[in-house]
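Next come the structures, one after another.
Same chain, two partners: chain A is paired with chain B first, then with chain C.
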Partner chain A sequence: MTNRIVLALVILYLLLPLGATLVFGISNGNGIGFSSYQEIFSDHDFSATLLLSFELALASTVLAVVLITPTAYWVQLRLPQARPMMDFLALVPFAVPAIVMGFGLIEVYSGNNTLLSILSLGLVPLLSNPPFNVVNTPQLLVCAYVIVSLPFVYRPIDNSLRAINTKVLTEAAYSLGSGWWRTFLTVVLPNIWPGVISAALLTFSTAMGEFTLAELFGIYTFPIYLNVTGQNNAHKAASLTILSFLLTFLCVLGIIFLLRRRPGGAKQDERLDIVAIK
Partner chain B sequence: MQLRAVKHTTTPEVKTVTAKRPRSIQWSYMFTSWLGFAPFLLFCLLFEILPAVMVIQASFVDSNSGVFTLNNYQRILAQTDKLHAFQNSIALGIITALLSGIIGFLAAYGVFNLRTSWLRNVIIGFSSIAANFAGIPLAFAFISTLGVTGFITVLLLTWFHIDLYNSLNFSLYSFWGLVLVYIYFELPLMILITLPALSTLRPEWREAATNLGASNFTYWRRVGLPLLFPSLVAATMLLFANSFGAFATAFALAQGGINLVPIQIQFVVNGNVNLDPGLGNALAGGMIVVLLIAVLLYSAMLRRVSKWQGR
Partner chain C sequence: MAFLKLEGITKYFGQVTAVDHINLSVERGEFLTLLGPSGCGKTTLLRMVAGFEVPNAGTIWLDDDDITHRPASKRPMGMVFQSYALFPHMTAEQNIAFGMSIKRLPKDVMQQRCAELLKLVGLSDKGRSYPHQLSGGQQQRIALARALAVEPKVLLLDEPLSALDAKVRVTLRNEIRRIQQQLRMTAIYVTHDQEEALAISDRIAVIAKGKIEQLDYPEEIYSNPRTVFAATFVGTSNHLQGVVTFPAEGICQAEQYTLHIPPMPHLHTGDRVLVIVRPEGVTIQEANETIDSEANSATGNHITGVIELRTFLGPFTRFHVSIDEGKTFTADLPSQQARDYYVAQKVLLSFPPSACQVLPLDAREVEAEHLTEGEKV
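Showing the complex of A and B:
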């Protein structure tokens, strides 16, 4: 019985701020009205930052999926001994939070460190000097977003790959004369679409809402705009909050829907695939 | 366990296939195998491993002369505000992890016991949304609710004459306010992590315990909780890491007014005069050390989970 009461209270606690924010956004001191939404939609910064965040999120999503999906398949098929390394790389973002990673990225790409030049096979000096000069650019931000989303992109894709019989499917395709890329694109990928798309949606919604790295790099994205707005106009910020909640809502709804369609359905231990642990 | 079995059947196969081939082909097979892995590895090296290595290495180096030193860490211990930042961050992590761990576990058990499956699915769905709803929007949701002019604050004042801020000394923009906000995304996260663990408790075990005369309390103390212990510790570590490293929510809530390690690091990046890069690196290095302990405990516990629950 206690657990029912606790559950009811928890749900109340989760719903309350949303309801209060909705009301707070449409009430402006002397009455109820949608003036804050009108203000938002006529604000040039709103559309500009939203567009920039959308572009960054899209780029991170595409890069994450293109980089990680073939690698996960490759490791499953050809390099099972690299699996611990993969697991390790997917665990590092837990121990190195975004604030530390951003700080480290700025230091790596803005200084001249001989040790790093050697360790990176000369790539760091190449990227940190003209013509690339990646420090504090949107390009570096996209790369950082891919790393931040690594844990929750790799897991659902890896789980999907395990749910189908990757090896048998591949061998069947090979024996029918299909090459590696063709097997991957036309046989394996269609079978793991739900997992890939749900990982993509999670990356997208995280990148849309990411604040820490954008703030460190000084790039004016949508969450930064929301933070600035909140310092001057609390009602407008409340309405913006509702809008970004709707965005999260849509992304997560899509993931839940897709994971059900995955071969074998959403298994008990795969519920974590739905959460972007920061 | 299943995972291990799969591994054992796949790896020897590969080996027998390659063993029949001449040595040079075997080498080229291994070489192409690793070559396919290289782009990803290189990407992780550049944007994941090197920043972490850089921070750790630079924390042991004097930022002016470039020689090895422990001075950066000694200064953290000597400066009270830096030391407080660590104390606050660790306390915040522990308090939010324990509170959401306990309450979230009870709530998860409530979800687990629900008979109506549509309600279960709705709650799980809503939890996933709430767990993903963090950062700046979450901070403003709470400011709109419990801030100085927030909806609930005003409601309590006008209807019940309860003044949260002036007579009850509550402030959302303080440590305990932050605890309230962090619990918002940690609770649903705990529910989502605990549910799969709860479903591994077989009803037969409970029946056996009851047959042997165990009460509800004895069952949980002797059977249920010991079995769930590794999962619960792993979950708590995850919650700890989540709030210990969080920056955005705390920053949006008090704009740097709450003394936490991530806030101090942001001061360094923004060029605050009292802070030099060496100190920033030591702060970041300290964060990595604390989080490493949490992550190690987390993965050690996960290994025990798979042993006990026969995954």
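Showing the complex of A and C:
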């Protein structure tokens, strides 16, 4: 009985602000109406920024997962002594505020520091001048997002790798004639799928809602649009919030559905590993 | 040349010498067991044969090919792991087919061989089960079938039974032996369980501290241990340290006991020896005056003591008899004869000279040379 009450309270706690936002969005001073939604859908900036954010988030997600998954596997398999270092590296983005990182990136790539250009083997001057300029481009923003989301990507994947007996499974596959990549793709990846999915989910939502870096880079993304709108039209902003919440919710539902349908997927209780990043 | 041959295989992990100049030959179709205590280097040796570990020195020959530096995936070896290591997301059938699909065998061949192997391991009805739906013993059978599916030249098993309970362990070990003999498969089997090793092997390599102590047939290892370690590690035994007094007659003095041992013409008066007696070679009688005085004249060995512990072990009963100075002597009697003896009873232990194994004690170097020579054959 007490369990139910607690559960109800928690749900209330979570849903109340959402409900208030919803109501605030559709009320326009003298009544209730959906004019704010009409406004949103007819706003060109809405679709443009949403699309851009979506692209940025997708690119960050793909890049992060493709970079980190094989790396985590490699570390687990061959460099177990490097694990503490990886754990530390994966926590750095938590410790360094986004604003510091944003300024850092801009400083490094737009400055004319000789020491830096030597240290980076000439990469910094090359990348900060045309035709390869990356400063304030969406590409660099994607790279920054990959770094910001490192903890969300590395931890769930690493946890999944630890949960299965990665080393022995790999050796079993080797002894059956499988090479590294085949083992990774056909033996390891299917078994760490939940971790990879949570990593992707978290990266995607982080990139989708990221404000500070985008603002510093001067790139007009959805969160910035949301902020601008909020300053001009609070009702519209509230409706926007509801919309983006629905979008995220649908994404999560879709992914959970995908996971469930995987052959042999419903066997163990494969919860998304989101909690594990604590 | 032998089918699989290890020459001077050595492996260091930092300061630790896990495997120390091991020479070993395995014949085609032979079932060889690496037996030794935890940490003696059995797994490391097996992993070097499998290709998961590269030796710091030495050569591994398979069928006249030097495979020392060949990657694991290119070696014709099948491996069975202690933790089964089945791929959790694949059914039993898919697990078995994994290696065959890498070899790009035609689908119908794969299906047929899958069915054959499932039948061989007695799990024809479990092809579509996932590993988590199978018991430990069943999983290990599937793992065995999976390793056999690629038709390896050598089957490697690292303590495949130690995660299973006692009953399954015995059934499955007989099963493994049956399949190995049926397929005439060359196999290397790692275990720390001496009973398992004795039961399953053609030959046993007793390993201690990265070195082979003795390589021999199970019967020989048991009844003719050539080192103190082999004698202690395999089976139960009683030990008496003594000095040879009359080598040709076979008499030695172990503290207050004069022991009759087999004649030892190659030993000298004054050599220190260890006399080893297996518990089943010892008989028990009620102690009384007449036998005591008789004991001195007879050629057998007689020691008096008091029964400390009596353990019923089914077909036989084991007695721990305390002899002098807190030393205990172990004797096994068929359980039918054991009824007359009870704890705290004073008894006379007897064993003939033929029940005594004698190992020279201070001749470690001689022994080591003897060993390496034995392996060169």
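Note that in this section the second predicted complex is superposed on the first by the 231 of 278 C-alpha atoms of A that agree within 3 Å, B and C clash if a C-alpha of one lies under 4 Å from a C-alpha of the other, contacts with A are read in each partner's own complex, and residues count from 1 in each chain.
The definition used in the following text is that a residue touches a chain if its C-beta (ideal position, glycine included) is under 8 Å from a C-beta of that chain, and two chains touch if they have at least 3 such contacts.
Worth saying up front: this structure is predicted, and the values here are computed from it rather than measured.
J.: Quick one: classify A:Val66 as touching chain B (first), chain C (second), both or neither.
T.: Neither partner.
J.: Touch check for A:Leu12: first (chain B), second (chain C), both, or neither?
T.: A:Leu12: touches no partner chain.
J.: Could you tell me if A:Ser244 is touching chain B, chain C, both of them or neither one (first, second, both, neither)?
T.: In the superposition, A:Ser244 contacts chain B only.
J.: Using the superposition on chain A described above, determine whether A:Leu176 touches chain B (first), chain C (second), both, or neither.
T.: second
J.: Please work out whether A:Asn165 is in contact with chain B alone, chain C alone, both, or neither, and reply first, second, both or neither.
T.: A:Asn165 contacts chain C only, not chain B.
J.: Regarding the shared-chain residue A:Asn191, is it in contact with chain B (first), chain C (second), both, or neither?
T.: second
J.: Once chain A of both complexes is superposed, is A:Leu126 in touch with chain B (first), chain C (second), both, or neither?
T.: neither
J.: Check the residue A:Ala48 against both partner chains and state whether it touches chain B (first), chain C (second), both, or neither.
T.: The answer is neither, since A:Ala48 touches no partner chain.
J.: Touching chain B and also chain C: which chain A residues?
T.: Chain A residues touching both partners: 268.
J.: Spell out the part of chain A that touches chain C in their complex, as residue ranges.
T.: Residues of chain A touching chain C: 164-165, 168-169, 171-179, 182, 187, 190-191, 263-264, 267-268.
J.: Name, in rising order, each residue of chain C that touches chain A in their complex.
T.: Residues in contact with chain A: 50-52, 71-75, 77-79, 81, 83, 85-91, 98-99, 102-103, 130, 132, 143, 146-147, 149-150, 156.
J.: Could you list, by residue number, the parts of chain B that touch chain A in their complex?
T.: Result: residues 6-7, 10-11, 14, 32-34, 36-37, 39-55, 57-58, 103-104, 106-107, 109-111, 113, 123-145, 147, 149-152, 183-184, 187-189, 191-193, 195-196, 199, 238, 241-242, 244-248, 251-252, 255, 262, 265-266, 268-269, 277, 280-281, 284, 287-288, 291-292, 294-295, 298-299, 311 of chain B touch chain A.
J.: Touching chain B in the complex: which residues of chain A?
T.: Residues 2-4, 6-8, 10-11, 13-14, 16-18, 20-21, 23-25, 67-68, 70-71, 74-75, 78-82, 85, 89, 91-108, 113, 115-116, 119-120, 123-124, 127, 140, 143-144, 146-147, 150, 162, 167, 202, 205-206, 209-212, 215-216, 223, 226-227, 230-231, 234, 237-238, 240-241, 244-245, 248-249, 251-253, 255-256, 268-269, 271-272, 274-278 of chain A touch chain B in their complex.
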